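Pasting the structures in now, so scroll down.
Both complexes below contain subunit A, partnered by subunit B and then by subunit C.
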Partner chain A sequence: MRKTTERLKPYLFILPHYLFFVVFFVIPAVSAIYISFCRWDFVSAPVFVGWQNYQKILLDQGGYFYEQFWNAFTNSFFYVIASVPLLVGVPLLLAVMLHRLHRFGGFFQSVFYFPYLLSVATVVLTWRWLLDRSFGMVNQVLGIDVGWTIDQPYFWIAVLVMSVWWGLGGNLVIYLAGMAGIPRDLYEAAELDGANAAGKLLHVTLPGLRNQLLYTTVMTTIASFNIYGQPLMLANSKTPSDDKNVLIILIQQLAFGTSQIAGMASAIAVVLGVAVMAVSVLQFRFAREAR
Partner chain B sequence: MIKKETVLQLALVVALALITVLWVFPLLWILSTSLKSEGEIIQGGLNLVPRDATLATYQAALFDSAFADQMPVLRWFMNSLIIAVAHTAVMLLVSSMAAFAYARLEFTGRTVLFYLQLSTMLVPQVVTLVPLYRMMVVLGWVNSYWAMILPGVGSVFAVFLLRQFMMSIPKDYDEAARIDGAGVFSIYFRIILPLVRPALIVTGLFVFLANWNDFLWPTIITSDVSMRTLPAGLRILQGFLTTQYGKIAVASVVSALPVFIIFLFARRYFTKGLSLSAGIKG
Partner chain C sequence: MKRAFSSILCGAVLVTMLTACSAGTATQPSDQSSGSESAAQMELQFWNPFTGDDGRYMTEIVDAFNKENAGSIHVTTQTLTSDEYYTKLPIVEASGTGIPDAAVIHIDRLPYYAAKGLIQPMDDPIKEAGLSGSDFIPATWDAGVQSDGKRYSIPLDTHPYLMFYNKKMLKELGYTEADLNNLTGDKFIEMCKKATTGTNFGVGLYWPGMSSAWYSLLGQMGGTLVDPAAPGKAAFDTSEGVAAAKWFKDLLDQGLTNKPGSDHLPLFKQGKSLFAMDGIWSSTGMNDVKGLDWGEMFLPVVGQQGKVWANSHNLTIMTQPNMDPAKVKADMKFIKYLSDHSIAWAEGGQVPARLDVLKDPAFTKLPWSFAASQLDWFYYTPTTTTSGNYIDAVNAALVDYYNGKTKTADEAMAKAAKNGEATAAQTLAGLGG
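Let's look at the complex of A and B:
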């Protein structure tokens, strides 16, 4: 008898979290897949329509949802392409500089890290004020009249700048922790082999950071695909114009806007989820082959 | 040779100091704006130090009752605080229990259950958004704290992180305690939890800030202005005040201030990369 309760105890420890996990993650995720095959308005019972939602967003050329989806997808995708190299590369550059530095490293690290802890709303409001067309510091100092919150490509440049300012610190800390773990003798050995600074970076530092680089690339890609707050708040409109729209804004508009097209919104969310997972798997595979 | 190294160090410090100015300036500028009078802001001067520093905008944005009826910034602050504290407490309790079982106990299905959870880390949260909203409607949790405290606890991030730390503790601790007649519960509570205290703090800080900063979910799940959290509130404040940048600056400072204070006191926990590197090495 005592044996049995002893054996059940581990499950008791897991149970509370697993309940949360199943109720608030697994069930909604599975429901999302089902709903994506339905016509649903949150109120009446979902009506199964097969692949119709997917067909409308992915294939139905010229259709409203097709146009909306591919527009938002393209914007999100270009943001990923532009932001991931910056968010992976710039902190790497800073990490190399900080690693080489003898003093004040902790101070600089703290400064670069802090914005990472702020909410996207705070970040955008802070930058929006700097970028205000008439009163903003940036336009005044540079003596230009640029509509950062309205016109392209300035809008997306602003989004990129504030995203790098915001998100760089997280990856920076990961790199620095990784660099601290690279044994000193590797550098000394490279020096004996006559390696210069670039050689040491290429043959010791970067290989030593392989796991960290893979991790930051995958995680940054996922985060960038999920971009939402920056364009929404920079545009400061409930319905940003097409050139400023991204997938999550579109999902929100469709599901929680006036029309409440929840099935279609779920289909887009599932496509986004599959795209993100596919890219992650590809990155892992690529990293394994590069090994 | 020494000379060359000195030059390099100097160049690095100068370059990093310039970037530091770029990094700090936006924050100083919004702080400065919050301390200027509306008149001075509209004149559009480029002075970082306000000509007449005043707390008038703070008074108007936070304590003016007519304004607070429409945009209750302080109420949002309290909402955020209550929600983030409660969420962090629940999260640390259930996550540390699960992490303990995964890391220190042996049972059938342990690997399967763990990898089932781990594999969901790549699934973006947005996939669950629509059904989760419907669930909140059914539970009557729309516009309630519960919707912002509990669903996030299903995240596996904290379990994964704490398990990583708990696995690094030698097995001898449990065995010695077991020989002394300690049960599983007291091993968890008296031995393992105290040993991973730093990890609990790190995880707690990240969980707290993630919840404090969450933007998408509170924006969707609260339609009642008084139930918003600070970030979700900032979203409507921005639409409400198109020109009064002083008040927006005040609200931004108010939302950043607790984060700054936490950062000042817990800096070493954040910048060690402790938490994240633990996840990567494993």
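Let's look at the complex of A and C:
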């Protein structure tokens, strides 16, 4: 009798979270997959249409939904390629530098971490005022006339700078915590072998942070694929132009816009989910082989 | 000891988080003191999207109604942000419980709600309440008749697109307000040219969302957005639609406007532009700026007749699983009360739809009271379920046109028509097929 209660205990501990997980993730995810095979506007009952939605977005060349999907997918994809190295690499460099600063390390850590606590609306609206073409501080101080919220490539540069400034705090503390766990004698051994700062970084720090790097890379990739608030609020339009549209914005427009095309939106969401999972699997594989 | 303390702390945090999570939408009970609940008191739920500054004007009217009808009818208001409002409304209908009795719905959304049976026909309750079309602004009243010939709402107000002007700059340039009467497109451009010097410019435009301005000019030139008899086909990719789009591009090319990428309203408030086009809803914000001597008027007449884009908040009775005739009567009483007292609502930045309220002295001293003498200017989107699809498509196409990505207005209109028809097809499929 006692043995069964002992075996049940772990399950009881995870039960509360597991309930949340099932109710707020599993059930909606399964529903979304079902809806992606239907035509639905939230009001009437969903009408099963088979692969039609997927056909329209993936294969129907020249069709509106095909063009919108591939356009948004390309934008999201290129944003991932640009932002992930920055959001993984910049905090790493900062962490290495902060690790050596014993006196003011804590202060600078707070400074770099602070933006991470802000909500996306705060970040984007503040930056939008800074980037206003006529009276924004950026144009005034640099003495230029750039349409940051309109023209390319300035728009995406603005989104990148804003997002890195905002997000680096999260990865930074992960790296700092990881670095605290690297034994000091490894560094001393490296020094004895004649390693300089770069050598120590490459041969002691990076391998020691392997798990953290894998974690931050995968999580940052997922977050970047799911980018939504920054391009939407920076463009300041309920219908951002094609070069600024990303997948989550498209999904929201289709599902909750003037005509609620939830089935198509779910199909796009499913495709996005599959793409993100595929990328994550590849990243894990790569990390394992690199061992 | 430490363990016990930290587990209590965790429990407290968990409880706080769980209760905080439920405070998602702002519920504003209009009357807190519901101590006396007489047996016959009817409880009504009223939903509206007025989360902005103007929300408090509505709360005042509802409170007054509750006071007058204490013991017989009590109205509780639920206010949601306009984004989630139109998502939640159909969902709560589909859920079958917690459906509001009365709700505010924009006039351009009525066709969809009527077609889906989410709102109730109101021809009879309106007659019983003693109201009729002759009590309201004709254009606003007519735009609410649905494709089946029935009425599903009464208009509360109308909010048009219009133009603000800087009185001080006007004087400095040598003009008077009389010059603004019957302002033609050519005179407008002449004034803008004079105003454009150095840091100042003629007119501020909201480049990321030009569909309302474009639609105003479309109406002025005699064009149509869509024919309700053929909702799947765009009707605006004609010479009028092209001309309307091009007119604003010409202003931009001549350097008479703010550049895309800069916010036009702050610039106007800073005194940098003579004119600024925006909706009437920006009027109350103008008073926040000290030292800004401003006025408002409709757009210049560029086509054959004066027209401006307008929308309208309409009051509706929502469909319940079991319609109770007594409740419908109470709903209508509440709705009529809101309509009768819409002067209080108008002060928040609206043009009341009731003709008698337009004559109220409290209205005539508002900066937007000029609209009362130009009632034929209000131009609504056609009463059909796909109007919104086309407006969104035009909005997106114009963004690309005005930032130079699309080269000609013809291309922009063609693109808008094509994309609008694609989403319209989905809307129609969800309704008919």
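As a convention for this text, the second predicted complex is superposed on the first by the 270 of 291 C-alpha atoms of A that agree within 3 Å, B and C clash if a C-alpha of one lies under 4 Å from a C-alpha of the other, contacts with A are read in each partner's own complex, and residues count from 1 in each chain.
FYI, contacts are C-beta pairs under 8 Å (C-beta built on N, C-alpha and C of every residue); 3 or more make two chains touch, one makes a residue touch a chain.
What you see is a predicted model, and the numbers here were worked out from it, not measured in a lab.
S.K.: Fit or clash for subunit B plus subunit C once both are placed on subunit A?
M.R.: Subunit B and subunit C clash in the superposed model.
S.K.: What is the contact status of A:V23 with respect to subunit B (first) and subunit C (second): first, second, both, or neither?
M.R.: A:V23 contacts subunit B only, not subunit C.
S.K.: I'd like to know which partner A:L206 touches here: subunit B for first, subunit C for second, both or neither.
M.R.: Neither partner.
S.K.: Which partner does A:S134 reach: the first (subunit B), the second (subunit C), both, or neither?
M.R.: both
S.K.: Considering only touches as defined above, state whether A:L282 meets subunit B (first), subunit C (second), both or neither.
M.R.: neither
S.K.: Using the superposition on chain A described above, determine whether A:I174 touches subunit B (first), subunit C (second), both, or neither.
M.R.: A:I174 sits against subunit B, while subunit C stays out of touch.
S.K.: Does the superposition put A:S266 against subunit B (first), subunit C (second), both, or neither?
M.R.: Only subunit B; A:S266 stays clear of subunit C.
S.K.: Check whether A:D145 is in contact with subunit B, with subunit C, with both or with neither, and answer first, second, both or neither.
M.R.: second
S.K.: Who touches more of subunit A, subunit B or subunit C?
M.R.: Looking at subunit A, the partner in contact with more of its residues is B.
S.K.: Looking at the overlay, does A:F42 come into contact with subunit B only (first), subunit C only (second), both, or neither?
M.R.: both
S.K.: Once the shared chain is lined up, is A:N236 touching subunit B (first), subunit C (second), both, or neither of them?
M.R.: Both partners, subunit B and subunit C.
S.K.: Tell me which stretch of subunit B runs into subunit C once the two are superposed: 55-63, 109-117, 163-171 or 217-225.
M.R.: Of the stretches 55-63, 109-117, 163-171 or 217-225 of subunit B, only 217-225 runs into subunit C after superposition.
S.K.: Shared contact residues on subunit A for subunit B and subunit C?
M.R.: 42, 132, 134-135, 236, 238, 256
S.K.: What does subunit B use to touch subunit A in their complex?
M.R.: Those residues of subunit B that touch subunit A are 8-9, 12-13, 15-16, 19-20, 23-24, 26-27, 29-30, 33, 41-42, 44, 46, 93-95, 97-98, 100-102, 105-107, 110, 113, 117, 120, 122-135, 137, 150-156, 159, 184-185, 188, 209, 212-216, 220, 230-232, 234-235, 238-239, 245, 248-249, 251-252, 255-256, 259-260, 262-263, 267, 270-274, 276-277, 279-281.
S.K.: What part of subunit A is in contact with subunit B in the complex they form?
M.R.: Within the complex, subunit A touches subunit B at residues 6-7, 9-11, 13-14, 16-18, 20-29, 31-32, 35, 42, 94, 97-98, 100-104, 106, 108-115, 117-122, 125-130, 132, 134-135, 137, 140-141, 165, 170, 173-174, 176-178, 181, 211-212, 215, 218, 222, 225-226, 228-229, 232-233, 236, 238, 248, 251-252, 255-256, 262, 265-266, 269-270, 272-273, 276-277, 280.
S.K.: Taking the complex as given, what residues does subunit C use to touch subunit A?
M.R.: The contact residues of subunit C facing subunit A are 83, 86-87, 90-91, 93-94, 116, 118, 207-209, 258-263, 266-267, 270, 272, 385-386, 388-389, 391-392, 395-396, 399-400, 403, 405, 418-419, 422-424, 426-427, 429-430.
S.K.: If we count contacts the way the header does, which residues on subunit A are in touch with subunit C in the complex?
M.R.: It is residues 39-44, 63-65, 132-136, 145-151, 235-243, 256-261, 264 of subunit A that touch subunit C.
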